[in-house]
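Here is the structure we will look at.
Order of writing sets the chain letters: A, B, C and D. Residues in each chain are counted from 1.
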Amino acid sequence: MALTGLILFNIANSIAVLVLLSLGLGVIYGMMRVINLAHGEFLMLGAYTTVVSANAGLNLWVAMLVAAPLAVGLFGLAVERLFIRFLYGRIIDTMLATWGLSLAVVGLITTIFGTTVRGVSAPFGGFAIGGYQTSVYSWFVIAVAAAMAAGVWLVLRFTKFGLIVRATMQNPDMAAALGVSPQWIYMMTFALGSALAGLAGGVLAPVSGVSPVMGGAFIARAFITVLGGGPAIVTGTGLASGLFGSISEVATFFTTPVFGQVALLLAALVMIRILPQGITGSGLTGRLLRRSL
Amino acid sequence: MTVPLLEAQGATMRFGGVTAVNGVNFALREMELRCLIGPNGAGKSTFFKMLTGQLKPSAGRILLRGRDITGAEPHQIARLGVGIKTQVPNVFDGLSVRENVFVAAARRGSARQARRITGETLERLRLTAIAARIVGQLAHGQRQWVEIAAVLAQEPDLVLLDEPAAGMTHEEVLRTAALIREINQTHALIVVEHDMQFIRMIASTVTVFNGGAILVEDDVERVMADPAVRDVYLGKQAA
Amino acid sequence: MTGWASFAAMVAAGLVVLLGLPLVFDLFGLLQMTVFAAMAVLALSQGFIWGYGGIMSFGQTAFFGLGGYTYAVAVMNMGDSTVPVLLSVLLPTLFAALLGYFMFYGRISDAYIGVITLTVTVILFNVVNSTAGDFYTIGNAPLGGFNGMPSVPPLNVPGDPSSPLDPQQTWYAAMGALLLVYILLRAVLASRFGRVVVAIRENETRAQLLGYDTRLYKLIVFAIGGGIAGLAGCLYANWGSFISPTVFGLATSAQVLIYVLVGGLGTLLGPILGAVGIQYLISVIGAQEMVNANLVLGAVLVVFVLLVPQGLVPVVQGLFRRVPGVRRGQVAEAAPVEVEL
Amino acid sequence: MRPFRPSRRGLLQSAATLAGGALAAPLVARHALAADAIKVGSLLDLSGPIGSSGQAMHATIRLAVDELNAGGGLLGRQVELVNYDTQSTIQLYSQYAQQLALKDKVAVVHGGITSASREAIRPVFDRYATLYFYNVLYEGGVCDRDCFCTGTTPAQTVNKLVPYALETWGKKAYIIAADYNYGQITAKWMGKYVRDGGGTVQATEFFPLDVTEFAATISKIQQAGPSVVLSALVGSNHTAFYRQWAAAGMKDKIPIASTTFGLVNEIATIAPSESNGVVTSYGYYEELSTPASTAFTKAVRAKFGDGLPYISELACATYEGFKLWAEGVKKAGSLDRMKVTEALETGIAVDGPSGKVTIDHATHHVVRNAYLARAAERKWDVFQSYPDQAPADTAAVCDLIKEPKLSKQFVIDVKT
């Protein structure tokens, strides 16, 4: 019984991590059709902001929940102004540019901080489910992931910004009709997506190996989750995270980590074959969730 | 009784909760020229997509010379002799005019034959002068002609034309009407159009669509005189 | 006719490189050019299926790696390299055909084809990477897991395993293969089949409505691309006498995309020049200690995409033809096949 | 395989030099400066995922070269280091290996970090007759007369670590290891030593190098309830295990012994609350307080600063590997590959920072000291030393005295 509880808890944690890893990418891809291949490095920058500012004496919570999203959001803003805005509608070019950006950021961080950096450790400590120890910090990770998803959903659903964003997604001229320039919307969306990536990186920093190349371990999973989710940003990313997270966690627990990874990838293949437009874009689920966000 | 060239039996297309085409029964004889009219959203283009296999009917059957083609792939239906010019020009923008027509002609027969058909078709539609131009750089009307040329080069038995005169100059419209009558010497046609004058130039029988179903089907002059048609169609157009 | 003239000029240039390089390059230069040629073959496969077939494969390395491993395993078991070379083309072709059937007949959209190909190559990486044990031995050939397979026997004179090719002959083999693949692809593109392939890239619906089974065409294009990538993998394994799972890695996949984009999408010369240029740049960067290698490469790519977005070859062509350059991403406006290099 | 000899083309030689020069333009200046210097090649990943391991190794080989030059050089000539950053890419290893052997014509190459990189370049140096030193702790088994391996192998370290763990903490072991050759083979050795010591292996699990989530594994370990976790996890992604382990409150419940932890600066990068108490065994620790060690670490820190990562066995063995080669050259009085090899095979030894390091003729590995240490407040507390440990694992399968023509890596059949 305790074991079942533990496994369920681990599954929730694994889903939460996938949500954290992919939501920022999902916002940017879902709204702008820009595949940001530097997304892993945005996560890394979030982790670095947290670690460096916490080591410099900033309160860990501030470093994680404020400094990281703020810094990476601003970085995203700069990237959008400097490169991305010249490349809208050219999905291939944005991929090449963001790939280049990812290499350059890794190089830059290595040059500044070296190949390793002193990390911060997870607050809280452990707690027991039955006889099994697990991490309180995982609760925090789950909470942040849920809050992030809910926050994005609320913003899209209820704010003026959300309304304009949804309108722009349907038709770029619509924003102009509402008196807002699509340029501004794209810029803000990119910054929002970047900030989410920064927050995720910050939250994962205490339980990850923080290094300039850490983004590489995340990007494939984030990419597959976002595209597996389909056009609805929050619902799609959430459902895909749920599906892939459960499958890989269960497979890892009952078999091996290698098979856990392969199972996740195979699940993605099978799912795309059945639902060629992602969970929220095709088949029965697509029809049910067509109007979701 | 002879088998019709094309027959739709209770053809229905639903998207989610919306029924775009609802139980349409339709028949077309060999060598017939039929016009399809109706207000926007009446289901004409959806009906065309069902005929060409781009959409699979939710219910009902579609028969081509008595053969069931319901749910067949677009290329299979095309091979059975159905050619379509779609509403929005649907051409190979990056290729030259000649290549567009060549690709259409080249599906069957030898390369030499394909080149001959290409040459003849270009000549027939007076496109020879611009044969080397890239289609993406042509004006809207010219791209329509290229698409019609491609459809003809395919040598179909049945030609579907979705708004062939849209965006054309008056002179081009006249030529299009003449061309349609000429095509009708050898082919059956279904033409979707809004322009009543244009329809008068070409049509004999007219089928009126409204709300996804057939409202009336009759001789052109009688349809024009029908008050129900005026209400749904002309009224709508005026609005 | 322009097409024929440019074709003849390109083949002549290829022959000059093939025969001339050993006269002016020392052994090291020749070895370096050999691996560049192998990677250029890989770039051609990507350039063909993407630039002409409109198929966005993120995992061309799956077939590249499969070709390399097939060659290595087969030659270690057979001794003579002739059949292994054929297998290294055949097996990836079949695998690509199978995967293509899965994708194209499953009506999977373009972006998702990217995801699937990426996923497949990541799966192959994971699987091959965990074959370190003795259990994973095919005949005489241990797969070796992450460490890979060292001492892969080189190509030999067909039918005579006791006469391995020396580096100069290996160069002839690699460059000859590149030239042959180029000629083959030019021939394919000039054929009726090639015209239809390009037409499908331009407008798949129109091609269907004209009676072409576009799924089959794409499958064939994808399979041809897979076979060419397999050949590249064979040449690569042969060059280094070595193959390891990193050939399946994301870094390799991304690099191949970059070759094509930098050289010019929708051309055949572009991917070749892109492959040689980028690899040369990478090896020069590694020889200096001033700046981090990633930083330089990343900056070059970003600047490139902003300033020369259409790729080198189309820009140069544009200069000569005085036609406004074609923007990538709007493939629809790409120049017609017959005037392309 | 017969060594390849480039065919002579007298007339074209100058043209070849021109073209070659153009290809390697950035190197020209360096060559002009030191025309008669002895060239020594170094091939290490300084960027990319494995770059963190290469940085300190690169620093110590530069230190070794500088010290040698300051002391008058070798055979009366200065030594020049030709360095390439392989960028964590196997293809570049092969490419630069060819460049070092054929173009730069170096006397020896030190380098390679992962076993995959070593196996990619070892045949190149065999083929083009270039002496090669691999200075990294690894799974053992390389048997090649043209190659010397100066790092520790499982018989030297795992054989100390496991018995200590069994005696101190109990007989039930749970093995977790990176999913590639090093991890797979090391896990086998761990299993063997556990059984030799009368213990049981509850489970052995392997993790691909890009795994970052360990919650399921932490649960599984608790389910099994071992007395010790033996870890051969590798790389910065796997560092996450120790952090998640501590976050779950497991650190003080089940102890960890590792053959890899701390090699790449983990001791400085993760918090003491996550690392304290982990026990490892290596051929060298920066905290080693012998005069030779202190002098060495001072020199490294003076030259490269405190920004340089932890000076682990990797960095130390690189330094010692270079010194061994230099001794070999001195003894041979020549740079000729065979003469130097034969000189080294006489059992040349140097007193390095880790203690005495002696070449073993039969295996071309080294006899060296091994140490046990425990992590404590971002430092290693070295509490046990084992002098002059022989590479017994490789020796069981490799005898280059009897079979000098061998050139392969044995996968050692680990007998229980």
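We adopt the following convention: a contact is a pair of C-beta atoms (placed from the backbone, for glycine too) under 8 Å apart; a residue touches a chain by one contact, two chains touch by 3 or more.
Computed from a prediction, not measured in an experiment: that's the story for all the values here.
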Query - Co-neighbours of subunit C and subunit B - touch as defined - result: none
Query raised in the report: What chain lies farthest away from subunit C once each centre is taken as the mean of the Cα atoms?
Result: B
Query - Chain closest to the assembly centre - both centres taken as Cα means - result: C
Requested in this report: Provide the C-alpha centroid distance between subunit C and subunit D, rounded to the nearest whole angstrom.
Outcome: 35
**Report entry** subunit B and subunit D: spacing of chain centres that average the CA atoms, whole Å
**Finding:** 73
Query raised in the report: Just how far, in Å, is the C-alpha centre of subunit C from the one of subunit A?
Result: 32
Requested in this report: Would you pick out the residues of subunit A that each touch at least 2 other chains?
Outcome: 106-107, 110, 216, 258, 261
**Report entry** Overlap residues in subunit D, where contacts from two or more other chains coincide
**Finding:** 47-48, 179, 206, 208
**Report entry** Numbers and ranges of subunit C residues touching at least 2 other chains
**Finding:** 126, 130, 292-294
Query raised in the report: For this entry, which pairs of chains touch?
Result: A-C, A-D, B-C, C-D
Query raised in the report: Touching subunit C in the complex: which residues of subunit D?
Result: 4, 6-7, 9, 12, 15-20, 23-27, 46-48, 83-87, 89-92, 94-96, 98-99, 102-103, 114-116, 119-120, 122-124, 127, 179-181, 184-185, 206, 208-209, 407-409, 411
Report task. Please give the residue numbers of subunit B that touch subunit C in the complex, ascending. Result -> 52, 54, 73-75, 78-79, 83-84, 86, 90-96, 99-100, 102-104, 106-107, 111, 114, 134, 136, 150, 154
Report summary line: As the complex stands, subunit C meets subunit A at residues 102, 106-109, 111-112, 115-116, 118-120, 122-123, 126-127, 130, 250, 254, 257-258, 261, 265, 291-302, 304-306, 309, 327-330
**Report entry** Residues of subunit C defined as touching subunit B within the complex
**Finding:** 192, 195-196, 198-199, 201-203, 205-214, 331-337
Query raised in the report: Taking the complex as given, what residues does subunit C use to touch subunit D?
Result: 23-29, 31-32, 35, 126, 129-130, 132-134, 142, 144-148, 150-151, 166-168, 236, 239-242, 244, 246, 251, 280, 282-289, 292-294
